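Supplied in structure tokens, the structure appears directly below.
Here the chain labels run A, B, C, D and E in written order, and each chain numbers its own residues starting at 1.
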Amino acid sequence: MATAPVKRITDIGPPHYEKFLHPMIKKNYGNWKYHETLAPGVLCHVAESGDRIYTVRAGSPRLLSVATIRLFADLADKYSGGYLRFTSRNNVEFLLEDKGNIEPLKRELAAAGFPVGGTNNAISNIVHTQGWVHCHSSATDASGIVKCVMDALYDRFTHEDLPAKLRIALACCLNMCGAVHCSDIAILGIHRRPPKILHETLRKVCEIPTVIASCPTGAIRSATVNGNPSVEVVEEQCMYCGNCYTVCPAMPLNDPENDGLSIWVGGKVSNARSAPTFSKLAIPFIPNNPPRWPEVVNAVVNIVDVYARNARRFERVGEWIDRIGWPRFFELTGIEFTRYHIDDFKYAGLTFARSAHLRY
Amino acid sequence: MATAPVKRITDIGPPHYEKFLHPMIKKNYGNWKYHETLAPGVLCHVAESGDRIYTVRAGSPRLLSVATIRLFADLADKYSGGYLRFTSRNNVEFLLEDKGNIEPLKRELAAAGFPVGGTNNAISNIVHTQGWVHCHSSATDASGIVKCVMDALYDRFTHEDLPAKLRIALACCLNMCGAVHCSDIAILGIHRRPPKILHETLRKVCEIPTVIASCPTGAIRSATVNGNPSVEVVEEQCMYCGNCYTVCPAMPLNDPENDGLSIWVGGKVSNARSAPTFSKLAIPFIPNNPPRWPEVVNAVVNIVDVYARNARRFERVGEWIDRIGWPRFFELTGIEFTRYHIDDFKYAGLTFARSAHLRY
Amino acid sequence: MAVAIEALADEMYKMVAETQGKKNLKALDLTKAMIAKYGEAECSKDDCKHAIRQLIDSGRCVYSYFGGSFITLPHKEGAAPE
Amino acid sequence: MADGNGKPKAQMLDELEKGPWPSFVKEIKKAAETSPVCHDLMGQLEVSYEEKRSHWKHGGIVGVLGYGGGVIGRYSDLPDQFPNVAHFHTLRVNHPSGWFYTSDALRTLCDIWERHGSGLTNMHGSTGDIVFLGTKTDELEPTFKELTEAGFDLGGSGSVMRTPSCCVGQARCEWACYDTMAACDDITRTYQDELHRPAFPYKFKFKFSGCPNDCVAAIARADLSIIGTWRDDIQQDDAAVAEYAASGLNIQKDVCNRCPTHCMEWDGKKLTIENKECVRCMHCINVMPKALRPGKEKGAAILIGAKAPILQGALLSSVLIPFVPAEELLDTLKELVSRIWDFWGEYGKNRERIGELIQRVGMANFLDGIGLDPVPEMVGSPRDNPYIYFQGKDGDQGT
Amino acid sequence: MADGNGKPKAQMLDELEKGPWPSFVKEIKKAAETSPVCHDLMGQLEVSYEEKRSHWKHGGIVGVLGYGGGVIGRYSDLPDQFPNVAHFHTLRVNHPSGWFYTSDALRTLCDIWERHGSGLTNMHGSTGDIVFLGTKTDELEPTFKELTEAGFDLGGSGSVMRTPSCCVGQARCEWACYDTMAACDDITRTYQDELHRPAFPYKFKFKFSGCPNDCVAAIARADLSIIGTWRDDIQQDDAAVAEYAASGLNIQKDVCNRCPTHCMEWDGKKLTIENKECVRCMHCINVMPKALRPGKEKGAAILIGAKAPILQGALLSSVLIPFVPAEELLDTLKELVSRIWDFWGEYGKNRERIGELIQRVGMANFLDGIGLDPVPEMVGSPRDNPYIYFQGKDGDQGT
């Protein structure tokens, strides 16, 4: 590591956002009155002053090369006075003063392969994580699956014809980077085998008490291996959470045959109508099938389609299932209900059907 | 203990109910069509056949002398062909074929001090337990408090003017004999000090491992006292559940200064509208104040009155609170919200306010 | 060959007598112990049930209750007045 | 008390004779007229009132020959002061289904109890038994003898099947979806041995309610809660609906808006129920009993596991079998119960209720153990945590 | 890949260039035009695709001088095959509040990253950072130098305050009840030390949403979730309501029936909101933005404790302070945060998030610890179990 330069700058924080605000936004900051949607992906926010700012939102793969970022910068210079932003779901938004720039911008984006949409009752971008592109922990890839699923849901991004917003997220392991656990549909990478123990490495790089303490189910016990202190895993007690691997690199969980994905449904974040809630298990396991993961794509598309056909207006996925009941969700989607769906973790008892409210 | 007589009768079970059914009930068994309420405590069930059976329900202290039971028997002979029953809330019901008998029966019941009522949106009898009349475990009396509360709620028994049914129950310790934990209003006797340990008795009558295992919080440890094996209680870990006392008579919890009552609200059993649900803590502690327990009576009457004034039609207590929110419940009733109201047991996290749904 | 009910009862009685004052035994404990000893083929749950019934009906053992029901030798209760 | 038999006056208890609600103190005094035991009960109770504490002691061993349940032993800790209640055991007498009696049956019970005990009862105990409140050890066997001769038997206590109970059901209720009284009686009779001879890890309760109104609170306090319901559509009489509307019922507000699934629509003339979404909560039927009735395809749901809070917190029963046609109920129930009791006997710990055992081993393992397939009706919702124990060996690609 | 530099062709990845959605493979290829690192990334990724497993290894210790966060170390486990990604660390660059940029600012970032790394980014990471994806250890310090000179700094990783983030808020949203961007920026700036130098038991995240729609998912994934709301009545424009009705919106069905507290009434002409019962869920406002608006007395609720499921299951944040007026928000927040961090530092275990600590010690003890009074808004409902630890000494009669 380099030694410190004399005038090393640290702790300056990010640039102040005001430097990056469109003048019209600066002027009307805090004084917006209402908004309208002009087309999928195109919003118009109207200020108390009467000013109007137009937003054009384009889908992004999130993993961007500097070349593409420069393309966005060029488009911003051309159409939105050089002002743009990204959204909390990794879409890019151009902020236009001139309504007349909307169509030309959309055309250029289309030509470059960036769809406009994702607003209102559309499916927006999939919040996701690193996968095989960067993370050691991953039970599956992230970007590849997102690409395949969004290819299949492309029209749902460019049209706003769902009953309500539908948010999809993907995380490549149980750490669940992102708000996967509160998504209308979540795709989650999972391991299904206990960690392998690399005893030699473990001896060198891990603290045994920390490793033992890391296991939520107490599956890890100290053991002597080849005369050296190490650990062993009681396999029946392991539910493959990977926490031991996080604290100790000598306990990898990767297992090409048994790693794969699971699908979760019905979570949400907003407080609109119903309270925020976690996603629930829909499909316990789908094998990894790169490069196009057809089983995952079909599973997600199926759920989206069944939802689109059956839900009422303004019903998020979870709200729809609440109304029709889980038995009917499984029936309509054709998904099999298994022993794995029944909770056996901490709050298990509370998830049982504790009433005679029954639909047949 | 006596030795077995030659022809000892055992395992015969209860008398078959058919022997005790009114002929009209036998005739129309399973063929009732609908019912009407003629007056509080007076129901008329109409059979498909057109037959009508009239029910007159009278309140009872549950603790009955044979003298009173004989009085009921006499009244039954006089007015209902000798047929009567008791309800799941310990009221007595006379089953009349002749409508003309209703008023005379009511008059005689009134004269004997037994009110008619408890149907529909009235307060019915208080389900309760033994208290100081029979149980060693009790932190308070049962019958006495019930008497005082029902004296105060007498008009609510004889009138049906509440928004919905309101079920009160009382249990004299945490064992909660009865459906106390799912009542609109529950009165619960509680201890507030750890058990005392009678080491001499313990040595003779209790198994130490069983005693230690009985404690849900692990507060009991083995200890040597005066050279003999015994146990000790880590006082800060004890939450006075009394389970150790149940398995070992040498660990009584009685403590006149610290025993008392708590009030719980908003539970229900029926599946009507909302699912069955537990009662929640309203008042953590009220001291025992025999013989008339004015603080308890006032607390219950206050909750009933506030509910009666504010709830909408067909809203049970819990459903009403759900609508107005707990903050407003505490405000309207003037009950103080304390640290004890915040759950810290097994499912604590789930009871926190996990949304931005807020009323001000 | 199945173990005779009387023999089971005797054996159970012995267990109860030996553990009296040390450990309370439940009907299930006695049953499981007998099955462990003789195997399900020789000694069924039902046999054990009959043996226990014999033990109790004869007055040799009684049921006691401390938070749960146990099988014990007849004795005067600690709590009963002199 | 006022009869001057040397006991102190029960001044505090006297306060409880006042007021309009029937007084238990009056009852004790009535009984005292023929039973000296009741004087001492009053005396000891007055002391409890003064000292604010119970004066009873545990009792664990008394009972009738051959039975392990049905008697609760109780001793005074002031036996010198109140010798008549030095022993004060209760007998739990199994009530007839639905708590139906004839006046003669009641008198028979009264006579027996007056001869052998305090003459005080609970009609009934919280589990449903007729509770004979207070007698001496010596009187237990004679009381039992007279009871059985009169056709009554003891109920449960200890680690047994407890006295089952049921709502009035088809005897007087138009909503009963199966014969609760017959079921309760049959189960009670079938399992006499399990009721009287403790062979379980802990208590086991059955309660039978004829419909989801659950008038015996089965879902809150029975290990096995059998709750009547129906599978087809609500029976609807449009003319009667119109009558309710005409008579002033606000159908939109009081019926439709309170339907938990909002599956009803009222256009001012016609009520439409989307029965597929109805959860059979009973509300609309309760409000309009002449217009709406449960469907014709009747039966029951079987739920499992309720109990009071000791030790790990209270439990409500949860769905085990979503629907059994009324005709098949008893067979299904018995078949099921034997498998549940086997599993519980095998894996249950002392003082572990079935609901607690299920939580400990996991519902899926319990279902495996009793040979039932998982169905989505069993859950309020599927799991929301990713901590799944996958079964099967290496290389298993399935679920 | 097609450029024939001796690496195997990425046949599987090529499949991911097909289809209408923008392709990350195309992005990697674009970057590969100027960065040889990306060839090896493609190569290793193709191997992962073939073998269905990650080929990255943990890396824990790399970083820039003086900071303990902002860099995630990463090494290939196939370094011989793909030497250019033998090291492949990421830098987390703190984004400006609201993810606003000028084209120039973006170009500056691109230039720096092209010089020092793979030229691949995430815009943005799930926490909100600009993620510079992949470089060697040697390049970390030079990258950092150029970044700070350009006015950018690193974001968080490890046991630090993580990069706070916020919704677009008052910059472009009519519903923002406080200035999310200012709050986010202020907190980020105030706690630079906590962001860069790990001194906590574990990570700590802030997220700021301007209203209960919660467009940054604060309630699901921030240890401190600041969610805008209002205290007075919804602002209502009756004429605009009528317009919505006229334009075909079914106000009864789509607005009133979906209100969670059923506190709205629509008689066909006039919409009446019982504001006392409104829980500020936003639904009606969302549906009729021209007719309804949040009240005028604006501020925020502060919630605490959300996190992902490792280890004890996921948590949602729960209400800590029900309402703080917008003007007082930052002061209140800072005062609160210092007390929370003190408590956490005192009692938190390694890798224990604040939400887990609260569950472990109990909310009431936590409140005592940070000096806040309990209020009923903090609970969904009061406890339903009777296991209360009463405080105070013998003889304490109070509650």
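Note that in this section contacts are C-beta pairs under 8 Å (C-beta built on N, C-alpha and C of every residue); 3 or more make two chains touch, one makes a residue touch a chain.
Worth saying up front: this structure is predicted, and the values here are computed from it rather than measured.
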Any chain in contact with chain B as well as chain E: A, D
For chain A and chain D, chains touching each: B, E
Pair exhibiting more inter-chain C-beta contacts, B-D or C-D: B-D
Whole-Å separation of chain centres (CA-atom averages), chain A against chain B: 49
Mean-CA-position distance for chain E and chain C (Å): 63
Computed distance of Cα centres, chain E from chain A, in Å: 12
Multi-partner residues of chain D (each touching 2 or more other chains): 57-58, 60, 65-67, 137, 193, 212, 214, 219, 227, 260, 262, 279-281, 309, 313-314, 316, 350-351, 384-387
Residue list for chain C, restricted to those that touch at least two other chains: 57, 59, 62, 66-68, 74, 79
Per-residue overlap in chain A, given as positions that touch at least 2 other chains: 174, 176, 181, 216, 241, 271, 276, 278, 345-347, 350, 354-357
Interchain contacts, given as pairs of chains that touch: A-B, A-D, A-E, B-C, B-D, B-E, C-D, D-E
Chain B - residues contacting chain D, complex: 1-5, 8-17, 19-21, 25, 29-30, 32-35, 45, 53, 55, 59-70, 72-74, 76-77, 82-88, 90, 92, 95, 113-115, 127-129, 131-138, 141, 143-144, 146-148, 150-151, 154, 157, 174-182, 210, 214, 216, 241-243, 246-247, 249, 254-256, 259, 269-276, 278, 288, 290-292, 313-314, 345-347
Contact set on chain E toward chain A in their complex: 12-13, 15-16, 18-28, 30-31, 33, 41, 45, 48-49, 51-58, 63-67, 72, 74, 88, 90, 94-107, 109-111, 113-114, 119-124, 126, 128, 133-134, 137, 140-142, 145, 148-149, 151-153, 165, 167-168, 170-174, 176, 179, 181, 185, 188-189, 192-193, 196, 212-217, 219-221, 227, 253-254, 258-260, 279-283, 286-287, 289-290, 293, 308-314, 316, 350-351
Residues on chain C engaged by chain B in the complex (per definition of touch): 22-24, 57, 59, 62, 66-68, 74, 78-79
Sites on chain D touched by chain E in the complex: 257, 262, 309, 313-314, 384-387
Of all residues in chain B, those that touch chain C in their complex: 1, 3-4, 201, 204-207, 210, 214, 243, 246-249
